[in-house]
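Each chain carries a letter (A, B and C) given by its place in the written order, and its residues are counted from 1.
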Amino acid sequence: MTSRHLLDLNSLNIDEWMMLIKTADEIKNHPYRYIDACHGKVLATLFYEPSTRTQMSFQTAMLRLGGRIIGFDNPATSSVSKGESLKDTVRVVSGYSDIIAIRHPKAGSAKAASFYSKVPVINAGDGGHLHPTQTLTDLVTLYEEKGQLTDMRIGMCGDLMNGRTVHSLIKALCRFKGNSFVLISTPQLRIPSYIKDILNAVGAKYCEVNTLEEAMSDIDVLYMTRIQRERFSSDEEYERQKGVYVLDKQKMKLAKSDLKILHPLPRVDEITIDVDDDPRAVYFEQTEYGMYARMALIMNMLDENIHKVDGAPVSTHSETCTNSNCITQTEKYLPKIFKESRDILVCKYCEERILL
Amino acid sequence: MTSRHLLDLNSLNIDEWMMLIKTADEIKNHPYRYIDACHGKVLATLFYEPSTRTQMSFQTAMLRLGGRIIGFDNPATSSVSKGESLKDTVRVVSGYSDIIAIRHPKAGSAKAASFYSKVPVINAGDGGHLHPTQTLTDLVTLYEEKGQLTDMRIGMCGDLMNGRTVHSLIKALCRFKGNSFVLISTPQLRIPSYIKDILNAVGAKYCEVNTLEEAMSDIDVLYMTRIQRERFSSDEEYERQKGVYVLDKQKMKLAKSDLKILHPLPRVDEITIDVDDDPRAVYFEQTEYGMYARMALIMNMLDENIHKVDGAPVSTHSETCTNSNCITQTEKYLPKIFKESRDILVCKYCEERILL
Amino acid sequence: MTSRHLLDLNSLNIDEWMMLIKTADEIKNHPYRYIDACHGKVLATLFYEPSTRTQMSFQTAMLRLGGRIIGFDNPATSSVSKGESLKDTVRVVSGYSDIIAIRHPKAGSAKAASFYSKVPVINAGDGGHLHPTQTLTDLVTLYEEKGQLTDMRIGMCGDLMNGRTVHSLIKALCRFKGNSFVLISTPQLRIPSYIKDILNAVGAKYCEVNTLEEAMSDIDVLYMTRIQRERFSSDEEYERQKGVYVLDKQKMKLAKSDLKILHPLPRVDEITIDVDDDPRAVYFEQTEYGMYARMALIMNMLDENIHKVDGAPVSTHSETCTNSNCITQTEKYLPKIFKESRDILVCKYCEERILL
């Protein structure tokens, strides 16, 4: 892969994506060929906020490759993360392990960690910013269940304004030709304009609708997500609207026979239980594809691993990022680095745009 | 084994019990033959309530077979178990693992889990309902320490009314011929009548006594358990009585030289420390037999594992179970299934009996 | 090694130290020769107080030897350690494992554990008393980074009165010839007199100074530790003095080119971040040497392991230790054992000296 670390899925090119997706497929079909693939290697999972599901997926991936796991999952009971800088923890743990998966509530934390790690770093979610292995999971699922990544009509349902996984998946599918999108949400929770810019730039067709019913009959894929109660303008509005975004057996009758339903899980009640037995529901299989995707990723990154510390870049600006959730706000020693683009600065940690 | 899952030890026949017991014996005698027996396999321990001792026993069992472990132990810090149905968690984790051990405070939870798991489920304790691997541990201990499971006189001491392990062990020993029982407790904490029905049905002799002294001289096995302070009618009564149910060096002088003392542990003060060095005390060995018992069980269940979801049965009744601790009270989607027996319904999850 | 357990580094002789140090060096140079060295073995880490860093170092060490790990890290959520004596927990867990690393807030707890364990016990820190693997780590670091353990001038900076690691390292280095010491602290935080007695007994030269600057130019090794704010006589005193004990780039200019800086970590602000990139800073490497030191130790102890319980010694006195942090204060069943030395008794658990 072109980078030692996996911080942002978009830093890989399409060939690298396809290599990972095909490796995941190969592992799924022949798991026993890989049970010792990472024998003697150690994965450290540094979870600065609990996320049992994601952590368990990474851990299982490494264990099924014959590797070992260390790490922590709870900053409250972990003395490693207390009163110690991210830099020191990452530097120490990278001396114990061969690869690190880090999850942290602050945007840009995985990038910050990559500066000080002797071993490859995987971003397992940095605040609301990026979560590349979820998107890789979604791509593997589509490849396995649809047999293709091009020329699909994809419905996206839920809170499209704030949904990180939705944005990331749209961006990814825009790199494959012929995909079009049906964006299903309340008017208040429409997709942000920067995503529309991307759709327009690649010439991908899309439309925005208010109800699942309008979309069901002509889509090939339905990506369901949750709309949180607090996103509605009022409780009454929530009660009136919520059913519109709940997928149930009734709405399934409108759909194509080869529709595939994805969901990043956990679900709350946006998909009713009786849909689970429908063969078009693949959200549980999706979690398994996530395991294979992570196996492919870990195996590949360990293969190319060269043990050396990259060294942090030097600061390129005196500006400080204005995003209050940026990792540079709490870890003061981090170099201030920005991408300049005419009259704005883009923070290289969290991608916040600052007007000069 | 006749079932894919181990929910209740009584669902196995005697031949299957003896096969497991003899496998445990074989592993104990030749542990190094088994260090790779489950190479490449993964056990998930889903502990919805903390029970470090039981979880550690399961984990060690799997690790000593060369397998790997994932799971959680604390619902408070685990995002898997938060806001997600038992069904979804079990379905997802069964996609990661080859076998699941589940512990949950609600009766019938392991049975509920078995409906949705792709892999075999072991009941590691479901509320006060069943705990089959403890009983298997007790049988392995008796087989190892007494050389037999028949024709023994067994003392049972403590809170016989509420003690789940005691009830389960009596039921198990009633399936072997020639065993008789001395039931040692306060009058308030006598064995429940349904256990007496079982004893009478198989013609097993038993007597009820008030003190350890009365029982000590002619028993072959003494199974000690704790009487909790709150079980006594008053604090004065507790202070007056507690010594009667404490096993100490003095009382040991009354016992046969080949008596064996068992205890499910942890003990509080119902066995004094000076008894530990008596060769007749085998309660610490018992925890090791528990590890071998679980190794035998896991190995056997993995051998016969066919990867498929059973699919939940359909509801057989419109009734809802009346037991407030039944898993069907919190997981509303579960099918309502009952065994009918003349004018009563028996809940298939928790075995609560409901009069029609 | 002369003892089955590692409770106190001083119970080993110099030859045993050198054997461990050289084994650590060998593992560091050829880690892949050792990835299956402890295949089939289990390490239990019993951490009665959280110490993620130390626990992770032990766990990684065992995993990198191909062994497996069990244990607990948080007494609050662990039912093993709740309401159960140290004796019972250790006895049970030693039936599951091949070696135990124990950390406990009470002095003498590891010694107490060793009485009841069937397998070797490593002291991973018992209150403020002993922490032998930290000292072993420091020795391995000096051996690797200086190429020698003799004839060095060693600066020790920080809270020398209360610093356990400092005392322990001085004692260790006094067993090698030609070492001298520069003791850098405030007058209130000078080294205790019993350490001066040891220095004098072996004829090791030492001087006491008030500032890092006075020491920097002629030392070969600088061992940095933290001075906690609460150790100063007042907040004003702290603010006035703290910079004196902070190592920064400026002070580094005074030092020899082959100085090596150690720190047991975690650091707070006693070493500034800009020192990290100085090649003389080896405190991150030190944590890796700690992993190799623990690998050498575990491998060696497992080799010589004879499975038997030692049996606790009988009490030698009717006295009770007067140290309120001694393990005998909470675990009442422990035999009262003392070393007699003229008119004082020395507690064999915590080394408290009691005047008769």
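Throughout what follows, contacts are C-beta pairs under 8 Å (C-beta built on N, C-alpha and C of every residue); 3 or more make two chains touch, one makes a residue touch a chain.
Just so we're clear, the structure is a prediction, and the values are computed from it rather than from any experiment.
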| item | value |
| --- | --- |
| Touch-based graph of the chains, sorted into line, ring, star, complete or other | complete |
| Cα-superposition angle relating the copies chain C and chain A, to nearest 5° | 120 |
| Same or different residue numbers at the chain A/chain B copy interface, by half rule | different |
| Approximate Å spacing (C-alpha centroids) for the pair chain A, chain C | 42 |
| Between chain B and chain A, distance of the C-alpha-averaged centres to the nearest whole Å | 42 |
| Multi-chain contact residues (two or more partners), chain A | 77 |
| Residues of chain C defined as touching chain A within the complex | 32, 35, 50-53, 56-57, 59-60, 63-64, 66, 73-74, 76, 265-268, 273, 277, 284-285, 287-288, 291 |
| Of all residues in chain B, those that touch chain A in their complex | 39-40, 42, 68, 70-72, 77-81, 83-85, 87-88, 91-93, 95-97, 311, 333 |
